[in-house]
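Naming follows writing order (A, B, C and D), and every chain is counted from residue 1.
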Amino acid sequence: MIFRIMDKTSLHELVQGLVEEKEVVGPVARNGRFVFDRIAHPGELKLDYDTTLLPPKKWLFPPEESMMRFRVADSEIVDDDVHVTPRVLFGLHPCDINGLLLMDNVFTRDYVDPYYAARRAATLVIGHSCTPTETCFCNAWGTDEVNWGFDVFLTDLGDRYFVSVTSAEGSELLDRYVENQPATEADIKEFTRASRRARELFPHALDTSHLPMLLEAKFDSPIWDRLGEACLGCGACSMVCPTCYCFDVRDRTSVDQKSGERVRTWDSCQFAGFSAVAHGENFRADRASRVKYRYYHKQWGYLSKFERVLCVGCGRCTRACLAGISPVTVITELEGGDGE
Amino acid sequence: MRPTVAIFGLASDYGCQVQITNAEDDLPALLGALDIVYWQLASSASLPEEYDVAIIEGAVTIEEHVEFVQAVRETAKVVVAIGACAVCGGIPALAGESLDERVLDVYGRVEGVAVGRRAPRPLSDFIAVDYTVPGCPIDAQEFLGVVTRVLLGLSDPVSDDPLCASCKVAENVCFFDSGEVCLGVVTRAGCGARCVGLGRPCMACRGIAPGANRQGLASVLAERDADLDTVRRRLAIYNSREGS
Amino acid sequence: MSTIAVEHVARIEGHGTISVSVKDGKLLHARLDVTEPARFFESMVRGRTYAEVPLIASRICGICSPNHTITAIKALEAAMSVDTTPRTALLRKVLVYGSYLQNHATHLYLFAAPDYVGAGSAFALAETHPHVLERALRLKKLGNELTTLVGGRSVHPITAVIGGFTREPPQTELAAILESLRAALPDALETVELFAAVNEPEFETEGDLLALVQDEDYAIYEGDVGSIRGGWRRPVSEYRDFLAESVVDHGNAKHSTVDGRAFAVGALARLSLSGKLLAPRAAQAAASAGVETGTVNPFRNNLCQAIELVDAIERCAGYIECFLEDDGESRPDAVRVRAGSGAAATEAPRGTLYHSYEVDGEGVVRSADIITPTAQNLGNLEADMGRFVAAVADLATDELSALVQRLVRAYDPCLSCSVH
Amino acid sequence: MSDRVNDVLDNPYVPLQARITSVVDLTDKEKLFEIRIIDEQARDAFAFGSGQFVELSILGVGEAPISITSAPTKRGSFELCVREVGDVTKALHQKRCGDTVSVRGPFGRGFPFDRMKGHDVLLVAGGLGIAPLRSLIDHIRDERHEFGNVTIMYGVKNPGEVLFGYEFESWRTRDDFDLVMTVDEPDAAWKGEVGPVTRLFDGIAVDPSRTYGAICGPPAMYPHVIAEMRKKEMDVERIYVSFERRMKCGIGKCGHCGVGHKYTCVDGPVFSYWEAMNLREAI
């Protein structure tokens, strides 16, 4: 990693340069909230955004994608290429970059998922520092910091950016479009001070110390029944989550039944039929068991494989859940707190 | 062999049948895949004795309809219900149970008009329905998807889950965030939260999702001090049969 | 004696049965029994909050739903004195007039055209006249695209609400559809040629013809009601004074009279009253097709619809151009609920559509009256059927039956609308 | 701006074309399919262990995980025993000999065949659960000398549902397999036992120090059979169970087959009972 300093005013040039070269996706305003969308000029970027409606994962793992096309008559696959557009994901907050790292674990190891992997390889990630909001709790997992998973990361130091660069491509781009200097001792000091200041702004100090164990120990706790009664079974939490990766696969054929495609779409373990098999057996038939599974898998199932929890504390599910189910309250309650 | 298909309209506004014709680009393929032997809206051919697939729009609102759909069920191997009227009663069922009042209201007398009337009901109250294409109106592409599955003999693909997930995928801002009530929470998914995307809360035209937590919605509303009765009445616009 | 009986007349919207019987040149009866079940809309909207009413009323008809939606909205706005902007009016006009493309193309090609080639359905045209069917589908599709762009979908618009629109169509898409509209003019003009070439029976209706009229414009979205035979013009708000409805014994649709006389509405009436105000290309097309103001042959309603296709394309393009230059707002303000009553009419593809509502101080609808084009036409249609059959009674029954069905279809009846 | 990337990596979601080389009706609901991968190289490379499964596709219909029911020792083709329950399985049942289907795999972790060698083996199957166990049975048969006593317990609802009955008859006559069968609803011709499969434990002697167990059947069967095995003091680490869960990928991505903190597709479908005991909602 190399550390550079660039003037804040030159951000415009950087983005302008990128836009001319590649597809650039970044946070833009929509109906009073923010979304990651393609931009045509730097002015559209809203880098003071709080949290986007959907995380950037949709650009690597789209809500719906065709995996292959085929001819029905002779079961011949006519197109199994992965279609990828090289692009820059601009302005990602540390939680979302951490989210990508967690997705990387699933999709780029054992049985590499070519769709995700190809897009990831063709995506340049430029991060941006943030200010915690009401619903953020990335501090609980340490995902308010990010050390890899991006090419360039911009930390706001008021009049200038402290720029962390991890890839040759990132470094070249930076040099090509903006003037920048090596970071000095003083800059580094300022940088650490800035991150410390940000840390103090977090609304929650969540105790997660016994989490996996508690999930086992409290597996039969009435907590889950209560959550099951409240849960709307709508799956909104999974859709907005930067780390949920479950999917469904369906075949679609043309009306003439000659050709078809195999399509995968985002799925959610909160849907009633998620674990149902033929002959009417459903391994998680009630909402309580499904809400529980979401936590069980995130804070323990995934952890048992990849040594990290499958949550980055972005708070999107907290905001999306009309029933008010939030990791913060669930975890607090599990840990024996009052759960607010 | 192309299956023979008969398309029928009961009490409805024909909007769903019109939607079939609105799949202009796919019509040739559709007509190639199906042998439409009866369709009053589009053809003078009279109803044959036998056909494989019946596509039925509209609610059952007169005695004649009851016998009719039973006869259809006996003839057809596959019955497809299209549109809110056929699937959940829809707007016709908003007329409710005591029709005499309504008749008097509209016609000024109760005898000799609206003959054979009976409280409107969805198709599934009388006959087994194999496939449903919900919505008011149906979406032409969804219809084509179902027809394709009928042709292949595959199961009914209709979703049992509520709408919110697809609303999130569409990156709409939730109506509840601005203090408005939206019925998507309990409505059957599949339309992509079309109305919400266009700035209007969902009215549950696709019916209530089997996987919905209605009690949960009631708590959400209570939490927000919403008037439960108003919401109940709104839910009943398309789903008057589903007391909540 | 000639008797014609056709059960469940095909290729019209809704279920109806024709029966005409003539003996020794004397008409015994001529009826179109509307067997479409009653759905009680006027009663159902009573007690509902104003905002829900356009949505419900839209479900009266799956073809002219944009018209029901907009007319209901306008009537409720009149009842509660809600103002709207010119920008909103532009979008509504596109929605209302755009629906003509879909309606007329469907009616002319899918419903009426098979009669002229002796086919049972338009699908047969795929083999015999593929380019005709393709043209039909292109026009229909364009109409659907237009109403989808503005209303959010082709049937039952979503975005149109009291006070304005919840979403405006994106500028880029409007610009694109403007191109498509211009490109569709040849299709519309060919449709006029096609229907001008048809040999229609010589026949004149005795009834009056009514339509909205305006001084400067081919009236679609607003205006007064004009009568061709009566030569009068009256405001829509007074429609109950001149338009009487009565319940009949043979069906669930009421019949209407104006000053005690049967009358017709629709393209024929509009052209008869406002033919001079057609847009340039439409006017040319009308002239070369030989349609002059005052035409009263109901069979010619088809040709008039074809001419309206041209006019709708020209005019919608104009509305969109104005819209693209306009910098106003169409977003609805919060509605100030107040008691009142209001009526509105627009020209639906099949004729004048009236909605009127009485709203109480809570915004709840207390009474409603809806008169659809087909309900207005039914009396006149029956009279025409009778006179027509009496005049040509010596034809073979099959031929006679085919011609009567053609006459019925020329009216483009919507029986589900007529009952509502 | 869209680039195609087709040389990235092998795409584990793309199935291979395969031909059905034989179809045998086993019962009203189950058929046995012999499948031969068309591409020769891929066919030769296709090696698996008993208890592993393939993802079988009917393109246009969907995909379903199916256990391989033939022995790994059978080369060139493999067999699937499939019950018609839904879209994919119905479409497969309509296929005939010579038709093409598509397959991916093999996937998952099978039975620990090598560890079982030198031991007695007690196999318990319920209904369609015989499918993966038949692979194991056939494999053991092919290397019979490596094993001690081999006992097979098989329970079905009624005699008409017995799968591979014709093969079992031939084993029964061999004295190196002990086969006991039971049905819930016997018919007049039934000569075997009647009642739940657990009843079969009454009459057998098990040497817990040298016996491996393998169980596959409907979910409700597991606790009872395991209880019987535990009564015979069999080691929790020597009892193996095979699970069925919903699957959409077979390779640990789609999330549907989660059982406890693991995934059935890559961590299973065969688990030791010790593992299964520690998987929530597994048994």
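What to note about this one:
As a convention for this text, contacts are C-beta pairs under 8 Å (C-beta built on N, C-alpha and C of every residue); 3 or more make two chains touch, one makes a residue touch a chain.
All values derive from a computational prediction rather than experimental measurement.
Shared contact partners of chain B and chain C: not a single chain qualifies. By number of C-beta pairs in contact, A-D leads over the other of A-D and A-B. Per-chain CA centroids place chain A at a distance of 52 Å from chain C. Taking each chain's centre as the average of its CA atoms, chain A and chain B sit 37 Å apart. Averaging C-alpha coordinates per chain places the centre of chain C 66 Å away from that of chain D. The set of chain D residues touching two or more other chains comprises 60-61, 86. Counting only residues that touch two or more partner chains, chain A has 250, 253, 257. Contact of a single residue of chain B with at least two other chains is seen at positions 152. Arrangement of the chains shown, judged by which pairs touch: an irregular graph that fits none of the line, ring, star or complete shapes. You'll find the chains touch as A-B, A-D, B-C, B-D. Across the complex, chain A meets chain B through its residues 30-33, 35, 53-54, 63, 229-236, 238-240, 250, 252-257, 266, 268, 271-273, 287, 320, 322-324.
Taken together, the chain C residues at the contact with chain B in this complex read 8, 10-15, 36-40, 42-44, 46, 48-49, 52, 55-56, 59-63, 65, 102, 106, 110-111, 114, 120-123, 126, 137-138, 140-141, 144, 152-156, 158-159, 161, 166-167, 247, 249, 252, 254, 416-417. Residues 1-6, 8-15, 17, 57-63, 85-86, 89, 100-102, 219, 244-246, 248-249, 251-256, 258-262, 266, 280-281 of chain D are the ones that touch chain A when the two sit in their complex.
Considering their complex, residues 152-155 of chain B touch chain D. Interface residues of chain D, counted against chain B in their complex, comprise 60-61, 86-87, 90-91.
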